[in-house]
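Below you'll find the structure, written out as structure tokens, and then a few comments.
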Amino acid sequence: MNLSVNIAGVTLKNPVVTASGTFGSGFEYSEMTDLNKLGAVVTKGVANVPWEGNPTPRVAEVYGGMLNAIGLENPGVDVFIERDIPFLRKFDTRIIANVCGHSVEEYIETIEKLNETDVDMFEMNFSCPNVKQGAIAFGQDPHVLEATAKAVKAASKKPVIIKLSPNVTSIKDMALAAEAGGADAISLINTLIGMKIDINKRKFVLANKTGGFSGPAVKPVAVRMVYEASHAVKIPVIGMGGISDADDAIEFILAGATAVAVGTMNFIDPQTTAKVAAGIEAYMKKYNVEDIKELVGAVS
Amino acid sequence: MNLSVNIAGVTLKNPVVTASGTFGSGFEYSEMTDLNKLGAVVTKGVANVPWEGNPTPRVAEVYGGMLNAIGLENPGVDVFIERDIPFLRKFDTRIIANVCGHSVEEYIETIEKLNETDVDMFEMNFSCPNVKQGAIAFGQDPHVLEATAKAVKAASKKPVIIKLSPNVTSIKDMALAAEAGGADAISLINTLIGMKIDINKRKFVLANKTGGFSGPAVKPVAVRMVYEASHAVKIPVIGMGGISDADDAIEFILAGATAVAVGTMNFIDPQTTAKVAAGIEAYMKKYNVEDIKELVGAVS
Amino acid sequence: MKKKVSAVITEQTELAPHIYSLRLKTELAAYACPGQFIGIYPRDGSRLLMRPISICDADNEELRMVYRAGGKGTIEISSYKEGDTLDILGVLGNGYDINAVSGKKVLLLGGGIGIPPMLYAAKKLKSAGIDCNAVLGYADGNTFLKDDFESVCPTFVASMDGSVGTKGTVIDAINAEDLKGDAFFSCGPMPMLKAVKAYAAEHSMKAYISLEERMACGVGACLGCVVKTNETDGHTHVKNTRICTEGPVFEAEVVDI
Amino acid sequence: MKKKVSAVITEQTELAPHIYSLRLKTELAAYACPGQFIGIYPRDGSRLLMRPISICDADNEELRMVYRAGGKGTIEISSYKEGDTLDILGVLGNGYDINAVSGKKVLLLGGGIGIPPMLYAAKKLKSAGIDCNAVLGYADGNTFLKDDFESVCPTFVASMDGSVGTKGTVIDAINAEDLKGDAFFSCGPMPMLKAVKAYAAEHSMKAYISLEERMACGVGACLGCVVKTNETDGHTHVKNTRICTEGPVFEAEVVDI
């Protein structure tokens, strides 16, 4: 039985990865789950310099999910290279570095430093809803997305995954723009934009007012978008949004995802990724599926 | 204490209405809840002629909500006028007729017939995700929305509410387009587009593949969009999306909604609307709010 | 009588693997007709829609349902015990019309988890003095409710694996036992209902069949649960009728299955 | 030792209106230090995030927590009974450093629902032979846990409504009773912690304070729960530090509150 998948020439031992920002640098969960069991660790968004992020409260619980407005706090790419990559390299898993920035120049500066490391791939976060200085525009206009993708791709010595925002009219157009810009793969969905109000205080619960909405509640939107995007492009798709068990992961694979990421549910059960990988294997056994690739997009 | 609100010159005794398509013609729930307690009954989308709707399965449960792809089955405007309006008129509540169509001409034909009845307002559904022949485009492009709004408004002798789709990049642009097109009010959100796959059968759960996603799970998106839309326009906003109790309703009002609609939760508890209205009153008492209008948009 | 109420569990027992008998104490019991159903709401906030379950038996105080705990909602429901409460919506739909078959002989056909509603129908037919036989189709030797039927009317059994009664379907049992009647009351999987419809047409019998569809409201408001009809329906004004309201029991010729 | 485990409830009692004492049998108990906390997961699928609750007491087999059932999740948690299980994540965070105060006199200051963690701290101080006094600030006469403290160390009480002890805050009680010490261990609402920080600075005392923030992961991964710091933090490399991991207990001068 073959669970391994190939994304832009990089082989993942299984299709289960972590969703950026929900697994720290991998270190935080390494005590609680075996990183060797993961297809890849996708690390928290990293920028050219340290970012302070947003004021608190940064997280809120909502029905079946959560909001976050971390604001991409990160220690900067230099610390990431010195501290986090060497730690992750000790494990038998792929490293996908999620990259954020306020401008094309910032993205490129980070990528150029990471080019010289042994991370396996880049995931470009053009879609974080919590950054105000323009990053959101990258992810919501297909022309800007395509141009940014091209610039980033030209600077990159590693395969580039472009992460898409679900807060768009046509996910198909965004997927096509990423592909046209030279992306080696796309990943989706990033968070929906949500808001929560404390009715007793008559205040926004998050200091940032709005936050990224994730967790099981968003899954139907995510599955639909993965289906639409994967049917529009030829490059592989990494699907995510509300995955909490193997059944959810298989739903994304059937919808067209080559790999899947577990995000918010890591917070609920640190073993989720391992359970998802084991559950996919059990499903394949049950239905005599020899190769996971047979399941990709196999819905009718 | 004043709970009444004014939408385009029409006074609703309280801000709680039903969401179109979740309350039939009012008749179905009249045995289980007192229609006299509602600000208005918003009826199921009606077209110039009867529509058969989509094949079954038409509904599916998802985490914290549901998907529907009814496909706007309706008996046509003539039956609506003969049967449903006279029934509703027996109650001390407003009637808002939700109108659907495949083309501007169909909308206008329906409106012209309804002009001669005593419905109080029209709600234009330009945003149903389940109709394939183009209606979706009305709700996802601001220019088309504005033009359609203008045409409909010109044909209408009653106030026109335009219902917005959440499946757009910028809800603000859509709200502004509706206002520019002459809408007397806007209502939002209609359903998000979702999908569910049966992993054992490897089939779409809905015959239509995709369906409209509603229920408590969508609330954070809905509150955010009501906030953004109501801050962009001067016309009143009717907020909905996942309201299950008075706290939820007040959250929408604080976000900027003048009135609120209860949709999916009618299916879970037919008394939801009445409980919401009573709960808003209790909240106003608790916090000494004399007039509900003081709460509209009162978040900081 | 349609209402959402909170009902107390007075029995929750597993009759066969994953098949539970549930009794609920509720004022709605007094209004129950055979073939009608209730909606049972899971309590977990991730599962909002009611589970439609047929009434298997009723007296003035209690409803009995027999259901399969298959998916997440029914598994959750099966975890509640005597004394716990469940929210239910009922009583829903139009059941079997006992008056329509007065003076006739009725064959009650239940297949699998379609067996339970036939029990209440059998009891009501019997108390109306209408002659009936029950034919129950099981997958295997787990013949849940068989004893209950035997105490009401002559009961014949079929099983797919041949472990009890006639090997095969209820239609096989009818043929094997040479059973005759004027009308069928029937509930079971779609292939069985189609076979029943065809058999009835062939033998000039009336067939009343109970249909299933995914439901959201259960009360006719959402139009989620329709089935195609051969003629334009009086309510919808198109060739669709609502299973939750006009059904779940229909004359077989009316619906396009 | 960080792990998600299922723990059995061995006690669930209401100590005062909405204030519950919960004991859980779990292997994690053996690793608990004062000032650390666990995350308790609601079971309802609509509420996914763990509720961070401080450890009020522990032995090798059981953890004790005292918590307010205020919102939906804690109200749900309070509905579970002895014998039920709860999923918990623990043990989390860095607690009070007992070694740092060896040979000193510690004043334990607890305000409201910040009182519980002080009990375990008092016990650990006592068993380390460190002198301590407890000063507990209540809203009113519902002096939950007061007896528990009195059996460990000299205990002083303040209440906002004056119904017991000094009328006012813990600071008012310190002044009224003329209590002296070298360090504060403190937990309570933000205004109290600010007052404690200021008092300590003024009196050249060390103040260790326990902070609260909304949390998602509880283990340092999400960066949801940071507090501003005066210097660049060793982990984040910005002037933010993670309450769930570097805290919840901090030296007051380190954090910018």
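All chains are identified by letter, namely A, B, C and D, in their written order; residue positions are counted from 1 within each chain.
Just so it is clear, a contact is a pair of C-beta atoms (placed from the backbone, for glycine too) under 8 Å apart; a residue touches a chain by one contact, two chains touch by 3 or more.
None of these values were measured; they are calculated from a predicted model.
*Asks:* By label order, what chains touch chain B and chain D together?
*Replies:* Both-contact set = A, C.
*Asks:* Could you see whether B-C or A-C has the larger number of C-beta contact pairs?
*Replies:* Counting C-beta pairs in contact for B-C and A-C gives the edge to B-C.
*Asks:* Can you tell me which chain lies farthest from chain A, using the average of the Cα atoms as each chain's centre?
*Replies:* C
*Asks:* In whole angstrom, how far does the Cα centroid of chain C sit from the Cα centroid of chain D?
*Replies:* Using C-alpha averages as centres, the distance is 56 Å.
*Asks:* Averaging only over C-alpha atoms, locate the centres of chain A and chain D and give their separation in whole Å.
*Replies:* Here chain A and chain D have centroids separated by 35 Å.
*Asks:* Per the centroid of Cα atoms for each chain, what is the distance between chain A and chain C, given in Å?
*Replies:* Distance between chain centres: 47 Å.
*Asks:* Which chain D residues sit where two or more other chains touch them?
*Replies:* Within chain D, the residues that touch at least two other chains are 45-47.
*Asks:* So which bits of chain B are touching at least two other chains?
*Replies:* 63-65, 216
*Asks:* Among line, ring, star, complete and other, which one matches the pattern of chain touches?
*Replies:* Chain contacts: complete, every pair touches.
*Asks:* Can you list the residues on chain B that touch chain D in the complex?
*Replies:* 63-64, 216
*Asks:* Which chain A residues qualify as touching chain B in the complex?
*Replies:* Per the stated touch rule, the residues are 62-65, 67, 140-141, 167-170, 192-197, 199, 202-204, 209-210, 213, 216-221, 223-224, 227, 242, 247, 250-251, 254-255, 283, 298-300.
*Asks:* Name, in rising order, each residue of chain C that touches chain B in their complex.
*Replies:* Touching chain B from chain C are residues 2-4, 41, 45-50, 73, 89, 213-227, 235-240, 245.
*Asks:* So in the complex, the part of chain D that touches chain B is made up of which residues?
*Replies:* Per the touch definition, chain D meets chain B at residues 45-46.
*Asks:* What residues on chain C touch chain D, complex-wise?
*Replies:* By the definition above, chain C touches chain D via 43-47.
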